[in-house]
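A, B, C and D label the chains in the order they appear, each numbered from 1.
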Amino acid sequence: MISTSRWLPFEKPLQDIDEQIRRLEEYTTTHGIDRSEKIRELREEHDALCVQIFSNLSAWDKTLLARHPNRPYTLDYIRMIFDDFVELHGDRRFGDDPAMVAGIASLQGQTVVVIGQQKGRDVKERTYRNFGSAKPEGYRKAERMMDIAERHGVPLVSFIDTPAAEGRLDAEERGISEAIASSMAHLSRLRAPVFAIVTGEGGSGGAIAIGVADHVAMLEHAIYSIMPPEGCAAILDTFGRDGSRGYQAAEALKLTAQMNLELGLVDEVVPEPFGGAHRDPLETAHRITACLRQRLPELQAIPVDALVGRRYAKFRAMGQFTAEMS
Amino acid sequence: MTDAKRPAPSAGDARPAPAQMAGIPKGLWHKCPKCRAMLYQKELERNLRVCGSCQYHFPLSTAERIAMLADEGAFAEIDANLLPVNPLGFPDYADKLARGRAKAGQNEAFVYGDAEIAGAPVVLGVANFGFMGGSMGSVVGEKVARALERGAELGRPVVLVCASGGARMQEGMVSLMQMAKTAAACERLKAAGQLYITILTDPTTGGVWASFASLGEIIIAEPAALIGLTGPRVLEQNLKVKLPPGTHTAEFQLAHGMVDLVVHRRELRGTVTRLLTMLAPARAAAAPAVE
Amino acid sequence: MISTSRWLPFEKPLQDIDEQIRRLEEYTTTHGIDRSEKIRELREEHDALCVQIFSNLSAWDKTLLARHPNRPYTLDYIRMIFDDFVELHGDRRFGDDPAMVAGIASLQGQTVVVIGQQKGRDVKERTYRNFGSAKPEGYRKAERMMDIAERHGVPLVSFIDTPAAEGRLDAEERGISEAIASSMAHLSRLRAPVFAIVTGEGGSGGAIAIGVADHVAMLEHAIYSIMPPEGCAAILDTFGRDGSRGYQAAEALKLTAQMNLELGLVDEVVPEPFGGAHRDPLETAHRITACLRQRLPELQAIPVDALVGRRYAKFRAMGQFTAEMS
Amino acid sequence: MTDAKRPAPSAGDARPAPAQMAGIPKGLWHKCPKCRAMLYQKELERNLRVCGSCQYHFPLSTAERIAMLADEGAFAEIDANLLPVNPLGFPDYADKLARGRAKAGQNEAFVYGDAEIAGAPVVLGVANFGFMGGSMGSVVGEKVARALERGAELGRPVVLVCASGGARMQEGMVSLMQMAKTAAACERLKAAGQLYITILTDPTTGGVWASFASLGEIIIAEPAALIGLTGPRVLEQNLKVKLPPGTHTAEFQLAHGMVDLVVHRRELRGTVTRLLTMLAPARAAAAPAVE
């Protein structure tokens, strides 16, 4: 599986204990003196501290966690969750976007159509996957998958993990805005159950483009944000237009799973294992599987007309305002 | 996603600030920001606020835009009383709203209502860039969705004049969800077989362009209007690149197939009228009489 | 209107008489001697010869005529036939193709959506219009128009005039084949009346892509051909793989309006005025207008389900074969 | 539109001609046209006619293709007795048909029937490039349309193996109309919610690629197969240009978003089976029993 080689700032105390354990184990091996009692104690201390730290993460901590390079990515989840997966390619218009993966998968005998942004882990794959920022052809590939789901009456499962849609010139030239808008519009009327889960960074219009779902779940430490908090801090005078105050913007933007649930923008928070998804990808995948196994039958039980109406009503109701008495 | 650092074409209510040069009576003369020509106020108004020498399209106030598009006296605003709240308790938001309200002289960045254009009943909506950069928060999203739903329900075309720096940061994801909400409402209007025209004015960017604005069945842009997901200045700053001139303009989007027409302001009402005449002919007559 | 400045080989006798008339008129002007009697005679001779020539055109003559640079093009017809026309642009994907024009038009109060290939008359416009060979973005723009026609329940009117779809590398890269196939497929199920007319060169898949119509008309001297006859001659050993034997291939391919009608591939031949469309564009336009005024109400009278079924059945029945007794 | 000048990979029945080198028993050895390796007949057959050294995919005969894809003995041909006529009275056409028939050992360039793939009932069609370059005339168009309609009517997926130089010139516009006819039939199948897989083999070009082949809901290509509207040789000849290497291949089309998968022949049946298992599961059981 994926090793936890990188430590986030708030994990420092855990890193220290890990280091002590490592040294004691080494000592045991090289000197033949049994320090297992001490190691056990340290492990307990580590676990208690881990629980404490991870139940008190700030919005900024979660932002860092959601972007953790060892956090599982969409293709990792696909491999762990589904019995079979045939990846499909291309938008039939211009190209195939490696930042958006798509295909047909089987969940314990239940066929689903899968879409999702894909980040890269090493430098080469990061570039290849454009850091998970999809281009118009990515969203148009996703739309093609929506048609397949509708045609065959199988659920669409969407994995959201992107800093934002690609906004550079070549994406602009091919209509990135139209692609995002069209994808949302398409999902809003799709005659098939739609399940979405924000697994990491749910960033901006690029995330919501594939997030107009009947059921939107979020992993416990994922974020769902209008824009990266550093960017927000850099452009608002509220934060002195100072990008280094992203931790304040993260707080203000209420971008955590818990806050998004409270605001009624997502439907469910899926707890991550002890210490975050990157510490136990397989267990995380099991929890997503369990969520899917519960939610898909619920959605499939709803007649499709009602389902589409319900989806419309759900997003239609989002937003807070008041009416002035005239 | 937005181009928030882009200086607003106007500091105040989306009209150009009056020229304040020595010796020139305040309010009578305006300097064209593009060609620097001095333009006499009355002349500028006669020209629908287009510079006679370089054709720069000055921003219009909501009232000017409505007067330019709708038949005289035929606009009846709806939901003027919808007010923004502060769903995230975002610092400074209340102040900014108060300032926006004072500057723009309206409750939010978007106004809509029933209107007639050359006698054809439509639902007409107009965005105001002068109110917090025309950003789309809950109220803007709600009004846009209501305008689109009203068109679908009453069988009327919807004409939306867009101008926006993007989503409203201070409402966070609540703001972003307005993209999904308005996009879904566009589909309702289209499914009802009603014409949906969006008019892109300078600037139309970010979450507005990436939702209801780019879903227009027919998309018209004003000349030289800035249109794009991320404005060129933000791109240049973030990526440390220099973009070729003319990107992210109405003409660029036309060349790339994203808008149907770039129409000079003097021909805008005429073009909309022709489209309404052809694509909403019988329906106008058949629409149920309401209000 | 458009002047008849270019003469085709089979028009040589007409050209000679025209030249005589011109010289006699000049003589009249410069010498003041009345030769109007002679001119009248020559004019009669010219007209009789014209009728004779144009009622005995070979398939190759018609091929040349269909490509005549003074023949009216789609935008000429649009201007002459419709009271109003708002041209629309762009495929919302990649670009706007000047080789395919599209828009909303009014035919004496009847709204129609118009699509059609557009050739260019002078060198500059020919290049701009890519000689009437549309690229993927052209066909995708046409498909966007199909949606508009369907949404508003108004007829689609298609003007066919193209040597072929563009097959060069950039078109291939953006899926010219998919665009042609998708356009045909879209038309085959379009829930709106579809009228098409081959006005000049109806060449290959690029023509049929916008030709799957309830009523397909052809101008009298237009051609509708699987490929340019020169090209056919150049690749088939039947013609010694000799491109200069295009005249033979033209005959063999049965590409004239009359033969296409006989083969059941088009529904109507619209007669051209005396001497061909390029001699009287306005009269040609009037005849197309009359055809539209007759056919559109007929198609609109058919309930849309029946119309789509009828269209399917029409194209489904095309093809000739036999069944061997077993 | 077609790439008719392109030399057929085989002169005869879409199988490679047996190696006829001195000293080598006729029929026992084949020379790989790509890497020139000498391949032993039995070995080649075990490898599904793929060169073991360079992975060149040799063309398959119709029988070989059916054997490779369908369950053993589970293919029942339909409409084998449809015969071409000469609708235009085109010179030489009758001769060419007779030669194609003799060479390919079948009545036309396309065979279809009911089949099972890993137990799943499907309609399976296979084109034969060896019969007049796999060109689509009336019979091919009719059979393709019938195959698609059969899938729609009986509720079965349709799998079509494509190979074609384009439309059949000798049937002129009658041939070209098969594009419209088959494209329309594809829509019927899709509207019926049935899976439609096209498998593009070397070469799939012209009117076939520009109609039913590119309308596959899922499009699979064999490695290095030539795929395109106009083949690169024709383009180079006509336009006097030199194309970059690798254009118009399966891999090129994958990169440009036009095909879903490029699949090695040894994984082809497996991939199709997985897709059938996932996208036609209940339907297979629920399909009415016919014949």
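Note that a residue touches a chain if its C-beta (ideal position, glycine included) is under 8 Å from a C-beta of that chain, and two chains touch if they have at least 3 such contacts.
A quick note: this is a predicted structure, and the numbers were derived from the prediction, not measured.
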> If every chain is reduced to the average of its C-alpha atoms, which one ends up farthest from subunit A?
Replying inline: C
> Any idea how many Å lie between the Cα centroids of subunit A and subunit B?
Replying inline: 33
> For subunit A and subunit D, what's the span in angstrom between their mean Cα positions?
Replying inline: 42
> Which whole number of Å gives the spacing of the CA centres of subunit A and subunit C?
Replying inline: 54
>> If I count partner chains per residue in subunit C, which residues reach a count of at least 2?
In response: 92-94, 173-175, 178, 182
> Considering subunit B alone, which of its residues make contact with at least two other chains?
Replying inline: 214, 256-258
> How is the touch graph of the chains shaped: line, ring, star, complete or other?
Replying inline: other
> Can you name every chain pair that touches?
Replying inline: A-B, A-C, A-D, B-C, C-D
>> Quick check on the complex: what are the subunit C residues that touch subunit A?
In response: 92-94, 136, 140, 173-175, 178, 182
>> Per the contact definition, I'd like the list of subunit B residues that touch subunit A in the complex.
In response: 1-2, 4-5, 79-85, 87-88, 90-92, 107, 137-139, 141-142, 145, 167, 169, 171-181, 183-188, 191, 206-207, 209-215, 228-230, 235, 239, 243, 247-248, 256-258
> If you look only at subunit D, which of its residues touch subunit A in the complex?
Replying inline: 190, 193, 195, 214, 217-218, 254-261, 271, 274-275, 277-279, 281
> Residues of subunit A touching subunit B in their complex?
Replying inline: 164-165, 167-169, 171-178, 180-182, 184-185, 188-189, 204-205, 208, 211-212, 224-227, 232, 235-238, 252-255, 260, 263, 265, 312, 315-316, 318-326
> What residues of subunit A sit close enough to touch subunit D in their complex?
Replying inline: 84, 86-96, 104-106, 109, 111, 137, 141, 148, 151-154
